[in-house]
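Below you'll find a set of structures to go through.
Heads up, the next two complexes both have chain A, just with different partners, chain B and then chain C.
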Partner chain A sequence: MAKETMTSEERLWSAIRLEKPDRVPVAPLMSTAAASTLMNLDPAKVYASAQDQLDAEIKAFDAFGGWDGVIGSPLSAEELGLYFKIRKPGVDEGVTELQTIEEENTKFEDYDTITEIGLYPYLMEHLVPRLHNISPEEGTQLTDNVQTTLLEVGMRGLVEYQERGAAPLFPVWYPHPFFQLSLTRSMVSLTEDIYYHPEVVDKAMKASMQQYIEMGIEICQATGLNMCNCTEERAGAAIYPLNVFERFWWPYAREVVDAFWSEGIVTWFHLDTNWIKNLPYFKELPKGSAIIDLDGTTDIFAAKEILRGHLCISSDVHATLLSLGTPEEVENYCKKVIDEVGGDGGLILSTGCTVPGAIKPENFRAMIETGKNYELSKK
Partner chain B sequence: MKLLFITGFLGSGKTTLLLEIVKSLKGASKRIAIIENEVGQIGIDGKYLKQEGLEVQELFGGCICCALSVNLVITLKKLDQLFHPELTIIEPSGIARAGDIVDTINREIPDIAGIQVVTVVDASRYKALLEVMSPLLTSQIQAAQIVAINKTDKVDNKNINFIVESVGQLNSQAKITAISAEEKVNLEAVLKDLM
Partner chain C sequence: MSENLSKALTELKRDEVLDTLKRRIDNNDDPIQLLEECREGMTVVGELYQKGEYYLAEMMLSAKIFSEATTLLEPALSKARPTEAMGRIVLATMKGDIHDLGKNIVAALLKAQGFLVDDLGVDVEPARVFEKVKEVKPDFVGFSCLMTGAFDAMKQTSEMLEEAGLKDKLKMMVGGGVVTSRVKEYINADFHTVDAAEGVDYCMKEIGGK
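Moving on to the complex of A and B:
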């Protein structure tokens, strides 16, 4: 068993600073769906409120012996339901986890408004009222109420997890504006906009970035954390070519990191799909200013060769392995990642994307235990 | 159990083609199941199809990330146990990469009798997608044995010829057919290739 000489907080930040911690920090990205499965809870009851979601996730944390890095605030139905139609356990038949229903909720003519006031005021004052059939004032009030609730849940989560010795990661999931726009405009329509009206998308992005940065800093200050999430599921080179990425995603991501970094905040990039062709761009970022969290689709070993000594990698025990594999397979994969990616530091052992709802408890235990107990091979 | 994937980007006409395929198979004695997964509203009427004797499963979790493959494998295994379909038609989310999903199924369910992939391409948006979404479009075309160039009623012959040539360059092994699923043009050619 690895001898522990660091707290979870020290271990996590040692990895982020690209140093070699006493052992690899373990930080599975828990989901409420997975917590329900792991604890054999009724999803309908667990998803009743964000507080119930948090309770389920804490139960899973306790039942599996805890780990190092945690997210205080679950991705809640209240939050998703603000901006999207959703399918929710307990409401929609056969549904065991939250799902957004993608529609063209943001119309092309809304770009004028977004360009004028920015994406986030637009969401609150225009999109939320439209989706919920309420006035703009009521939309702002509803958004404020949900955000207040989520902050309360998040703060409780931070306290509860810190009492258990865990270290908080980022306060909330925070989509890159490009991803947010893709979700509300719909992927089809945004893609057509990029082709037919790229200057309109440019203007909307430019009008939104300062707000995104300011809100990210505010959230970190309100929670006392110095890590901010930036999630992107769609901009990687598995979907869009690099010229689209270079124009509509990367300059903004770099601006975000620079602004956060100047405030002492590191950026946790949660990057779904294969990003291997995009990763060289991240070497432009200040050393240690971000964590690259991969979902198991990007070759983590190749990613390490690109980012070695520059940025910490988090990942990437794949959902397929966790849900369909055996504990031995999970253990062997974790050991390989710890040896080959974490051998010189700069690794957080995590799940590829969030812990899947179909997780096998014995596989989850194998991942946690291997991370906590495996001593790095002397290579 | 054999699998038939009907893939293609969002809005390409996958569901319309799926329904036409189902209609054409209705007379046959095959036990058919359908698995639907989409990030938007599901376009088929599951209750109606169930009345027609088909087993319909809606796959939740429309994320393009890895959980889709997991949920699909689990659903296929469950269907096989409960319904014993001879053929399962799968319409994955329009933002899924079919090749990756097929790889996972081949690895996790090695006794599948055969997998066929039909990729539906939207002729009216082909040029736009080829320019600004080439990696996803290319991966979907390259995973296919059959490429159905749909909505050909909305573009001229010059465009259709361009698309046929372009698709052929991306996947020289695939059978390429220009159709209009909505107008029921040339569907029999796709159905014949499927049989």
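Moving on to the complex of A and C:
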């Protein structure tokens, strides 16, 4: 078997630049729930703090021989708990995985405030105080404290992973403002707003974009990374028609990429559900300026035909395959993706969304090992 | 008049649907006829979805309007002659999962087709589904699933029904973002989908075949 000739960092960025690295970079999007399962840890203890979450994820990294691309900061209970009611292991009986409870936390009348000050100050100064029954000053303080903690955790994660030879992806999960609004307003209510009061949603989005861009650049500068996440689970054509996408999502996403790209930052689009009808729009972006991370619902082979030679694709090993399949099935799927999607470069081997909580350890190992060995074994 | 109510629902004109309904309830129009007109509107929404002209967003909005319409009609319907349900289904998002959007859409669409829906909610223990099935003897059990952590609760429910000899008296279906044929096989269900409208079609076909 041939030997590796690149570091994880070189391999990852080679793929992002649409080149053919020595082998496909492997970057499963680890979740704390999966790390608990893989390492047989008590979820109640693992979710006690963001630092504990990170420890569990690093243990999984070490136990499975490591991989190339990592996220420094786990999606923490502290952060989600700021903006949503959550169900948390160790707090809520029988819960093994962190989940948010989707409610209409943002009311229709809150649009006036969002339009006036933007979504992010609204979240800190109005929503957080309301959810936690504290004053606006305390809300801002609480948010600052959580963000400071997360930055500390994220920085420790970056150091620990880099010591192990891994390359950082993006610093934190960072929902597109449309997705953030949908989560806090609730999907049904935001959909009603879009259809019955579209101008209100327009104004809220316009008031929030510059903030989103500036914060994204600040986070990247603070962590020294040149990749920013942009997560969207709801704006694709699995849910909304293209005229909604064209009005409420795409122009903003393009604005984000243009702004990040001018700062040397690439955008990691984490796109859950089926985006096949939306993918042609992404060809408008500068070549190599973004990664398209699919969740196994979009046909990745068709996606490759659309994006070939233009944007790197992150694939997509389905949560159900990892949870219910066999190691042989996982291996065969990874090989097919590596050959057919990564044959001419521009591929990162990843999980469809994050590593699922019900992951089978032998399947996870099969994915990591196939990614690390398959192409080298053919040379 | 009939065409207007159904058309307004198809076109997602919420206020027009509810205003028309209120006026016609006050007018003592037959509530069963009014419900039928709303159902006609929902059927057209389903057809538009199948043709790719409507998306999940429109399904979601129509389901919400239909649900509000049936709430308005409920008092009048309860006084009217009972109608025979098209079929009965027990729906649940199982233990380990609290997502209910897909389940709620399926519930509304099935109600629009005349099904009696026993919606057990989210994070439901297998024993609760089992007891409900024993009690109401439904034609279908439907699981909604977005989290892999809920697979085992669905499988356990299926096995409990099997052991009690109840499973072959109903059809079991599963739908949701992470659902593939593997999940169907794992829990020994009869049907799987990621598409709410397909789930409703399946129920209609099965009932038609009975």
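Please note the rule applied: the second predicted complex is superposed on the first by the 373 of 379 C-alpha atoms of A that agree within 3 Å, B and C clash if a C-alpha of one lies under 4 Å from a C-alpha of the other, contacts with A are read in each partner's own complex, and residues count from 1 in each chain.
The rule is short, and it goes like this: a residue touches a chain if its C-beta (ideal position, glycine included) is under 8 Å from a C-beta of that chain, and two chains touch if they have at least 3 such contacts.
None of the values given here were measured: they were computed from a predicted structure.
Superposition of the two structures on chain A leads chain B and chain C into a clash. When the shared chain is aligned, chain B and chain C each come close enough to touch A:Glu192. By the touch criterion stated above, A:Ala358 is placed in contact with chain B and with chain C alike. With both structures placed on the common chain, the touch criterion links A:Arg87 to chain B and to chain C. Of the two partner chains placed around the shared chain by superposition, chain B is the only one that A:Glu103 touches, whereas chain C remains out of contact.
When the two complexes are overlaid on their common chain A, residue A:His318 makes contact with chain B and with chain C alike. In the superposed pair of complexes, A:Ile239 makes contact with chain B and with chain C alike. Overlap of the chain B and chain C interfaces on chain A: residues 87, 94-97, 99, 101-102, 187-188, 191-192, 194-196, 237-241, 244, 272-273, 297, 318-320, 323-324, 356-358.
Residues 33, 87, 94-97, 99, 101-102, 187-188, 191-192, 194-196, 237-241, 244, 272-273, 297, 318-321, 323-325, 356-359 of chain A are the ones that touch chain C when the two sit in their complex.
Within the complex formed with chain A, the residues of chain C that make contact are 12, 14, 54-58, 60-61, 64, 95-99, 101, 147-149, 151-152, 177-180, 182-183, 186, 194. Residues 87, 94-97, 99-103, 186-188, 191-192, 194-196, 233-234, 237-241, 244, 272-273, 295-297, 318-320, 323-324, 352-353, 356-358 of chain A are the ones touching chain B in the complex. On chain B, the positions that touch chain A within their shared complex are 9-11, 39-41, 58, 60-67, 69-71, 73-74, 94-95, 97, 100, 104, 108, 125, 128-129, 131-136, 139.
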